[in-house]
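Common to both upcoming complexes is chain A, partnered first by chain B, then by chain C.
For the complex of A and B:
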């Protein structure tokens, strides 16, 4: 807590500045759309709605991905499951190479269109880096440390909570941060299946050839990714006591 | 750094991250919006001759607008995820999915009626071509064209099979064309279903009358086929009045009345480019506003004005 108060600027000031920059940008483009076509798309009401839909998609997908990815990653490192761990890791790596648009299109066919399909596809896509990093983080701990812990008479639960997890925080957090950035970007694709979000702006701008609409969607999506990544970076730093953002 | 306190705070952070992420989202589930929800593609949602102009002219507002890829508006409407959707008037899925086009009674959308285009020199040499092709035109209303498209797109038949069956049913061909003694003439088309069908029909009726016909259907996009006609590489293809008015004759403002658009295009294209427009079809492959047939019947909606009235009266979606 002390650290948070001491570094209030890092915790609140920087995100606030980023949010103010985004707000200034939105105010500027709404007042200077440069044409009737863009003006119809770029109203405060529309932009806020798309932003809200985007944040909504990203948060639900990421929340669920964290909730499943971290425990699943931990489970795969348990001695009994260690053998399939390698297999799952490979499947996960291959899965990450499937284009995000293809995943959305695939689940559209089975789940229909709309918000739920969007969240499901994003969730699947975000789970991969989280699960992989959790698995890799725990696996990369030197066996000697675990042996020493065993020698001290620690049981497996204690080893997990006192040795394995604390030592792999940075890697796990890095996985979550990767997932955040991927998720914010991929969520722009959800527009194709009617799930809304900032992709609405980007694709609309593309189809009527109005750069300012595309720019607004892209800028807000990028800012969202930067802000979320920054905040998670602060959390990571707080946990490990290391300065990761500088 | 390896201690229980750190673990507790870590668990707390992961848990609160999850809670924050999920709870933030679960509050307002924007998935299935009730009421008069309209599905549109991205382009139609902002074009002045799209959604904004439509609601302004007819004087109504939908409760919500869902933007999605053009191809899936039909499915969204069929599955009940929206009450009204936009699409293209002669798409095969409209009849296949039990949807109905609402009549654009205030002529808001630009018109895209279809007509065979023939080069003047070809018509001078074989004047009978005009009568031969004009025989097909009156058969092609919106319902017919839409179900022909559906036969290809939904039932996965070949365009030439569908065209042949249609012409046989209407007694325009005998199924056994005579030995060719005239021609050759070349028939082109763009590369989507409706164009392939129309191209095949033109080929078959001409062959029936003893022409030797080169099949150049499926050439490419609008610009390519038009260039082929102007460059005398093909002699005949089907073009849409609105497309010619805006793309080939380079006018900025769309015309929304079928006869007016056809007359102007025919006059100008003959004068400037030596291209003759034969009769035009009743079907008009323009933007359309669609509803489910059942809903439309229940509320007695036939035109977009009816829809506007129903929405303005506050009638709920069936």
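For the complex of A and C:
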């Protein structure tokens, strides 16, 4: 029974507390904006819209990045593609060093302003850690384990689903978590190409020099990153630990 | 059962064959040990049998079928496989590891569970205690046992073992080897066993294939390998002091000395004293019902303890072994307990006799003179 309570708290309690803290913060700043200028930006309606836009950007970009990054990472570990794998790994590592603002600016040039450009740029940026970790996670499995599975007559699909993926879950999940944090952060810059999000608040705050507006945008995006990272951490623990009790 | 015909393996990007025109005939129910220095092609040879590698040239016949004509998955499901460092799946429980092949064969759930419990018991691991654990929670020796159990899960007629006892300490290795030999006596599997350790080869093998640089140098039974090495390489492999190696081949039951003083639990003190005095060991064995070995009484024990019958005096005896142990095992037990003799029992702990260091040296000396 104690176990269930503890798990319940871990799964729902902590995110709930974080959400409550954020809500309290929003209520406070909306009611005490400290001036007419800030009050115009800091309405419930505005804040919620920016938050919704931000979450929308992150979820779409991250979902697409996972949907492409994990299978691509798996494909690159297949024996026939091993050689390309090395090349792609290097390209990915270089790609990661390009500043996020530069990527956004670059795609603005080709795709114009708007939500789609924002999602595309974020998607490209998030795919890198996911792909790299999937590839590295599977590659790092001891060859003896794969050989034992082969020798016992498992076919490649079963080796992938029963051995390789379960063993590399932690590394793949770590990649997704890195991507989440990057994605939530980078999404604040999507405001520059007109994709909306909490970045709008920060930029507005900067231009009218109202710290409280900047702070609201920064605080909420940070909270979003923390909550998402926490939930994914729980999923990771569940996936890696579940065989122990089954 | 397994027949290799002029098998050659050349790895891509290499000019020198890893295995060079090798022919080998392994009979059903035999343990064939491939032995040689590292890089001699023994592991490659073994891995061609379950097609981890495909031969460049030559044929391998398993049963009466060319392995290239058999479905690769079917072939592997019918060959037990124990590899170096065991290769247990670290994310699965011991049970799930052992159940791998039966589940691949789609056995019903009940049957899998029953088989797993049976196997774990067979290799000396309590299923209730160890079944749910992960491999990382087991000792090296236990992991090795699980590896063997997993390979035997679907009762394959053929087993391939690549240094299965390589990663454990010498004492555990010895015990695992003995357990394995006892199992093999009942199960009569056809086994290809790879090792670089000539002592292990002599102990485990019905036949030994000594390999060098991809070629088979000598293929014979252990006795012949020791007595008539074919060339300098084999002679060096088995070592100069071959009579000592013979200790791996002889069993304690062959040199047993059963002319030993013993007493029963109820034997009175005076008789014990007399027997101890007459005995060469300055000690007598104490036997319980059905000749079960209970312990030993030495002169010191009589002085130290008080009482009327043997039951009051005897001390537990640790330097014992079973009568199917090799003389080499017996000697190492004596050395580790610092005793000049060892008490030999049968599988049911019934006392059979003793062996002294002198008896063992006698064997070595006779042997040396024969050669």
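One rule holds in what follows: the second predicted complex is superposed on the first by the 235 of 246 C-alpha atoms of A that agree within 3 Å, B and C clash if a C-alpha of one lies under 4 Å from a C-alpha of the other, contacts with A are read in each partner's own complex, and residues count from 1 in each chain.
Methods note: contacts are C-beta pairs under 8 Å (C-beta built on N, C-alpha and C of every residue); 3 or more make two chains touch, one makes a residue touch a chain.
What you see is a predicted model, and the numbers here were worked out from it, not measured in a lab.
When both complexes are overlaid on chain A, the residue A:163 reaches chain B and chain C alike. Ranking chain B and chain C by residues of chain A touched puts B first. In the superposed model, A:200 lies in contact with chain B only, and not with chain C.
Once chain A of one complex is fitted onto chain A of the other, the partner contacts of A:64 are limited to chain B, with no touch recorded for chain C. By the touch criterion defined above, A:151 reaches chain C but does not reach chain B. Contact with neither chain B nor chain C is seen for A:171 once the two complexes are overlaid on the shared chain.
Shared interface residues of chain A, touching chain B in one complex and chain C in the other, are 163, 166-167, 240.
Contacts from chain B toward chain A in the complex involve residues 1-4, 6-7, 9-10, 13-14, 17-22, 24-26, 28-32, 39, 41-43, 45-48, 52, 66-69, 72, 75-76, 79, 81.
Chain A contributes residues 36-37, 40-41, 52-53, 55-57, 59-60, 62-64, 66-67, 70, 108, 112-116, 119, 161-163, 165-167, 169, 176, 191-194, 196, 200, 203-204, 206-208, 213, 232, 235, 239-241 to its touches with chain B in the complex.
Across the complex, chain A meets chain C through its residues 142, 144-145, 147-155, 158, 163, 166-167, 240, 243-244.
Chain C makes touch with chain A in their complex at residues 50, 52, 73-77, 79, 81, 83-93, 96, 100-101, 104, 134, 150, 160.
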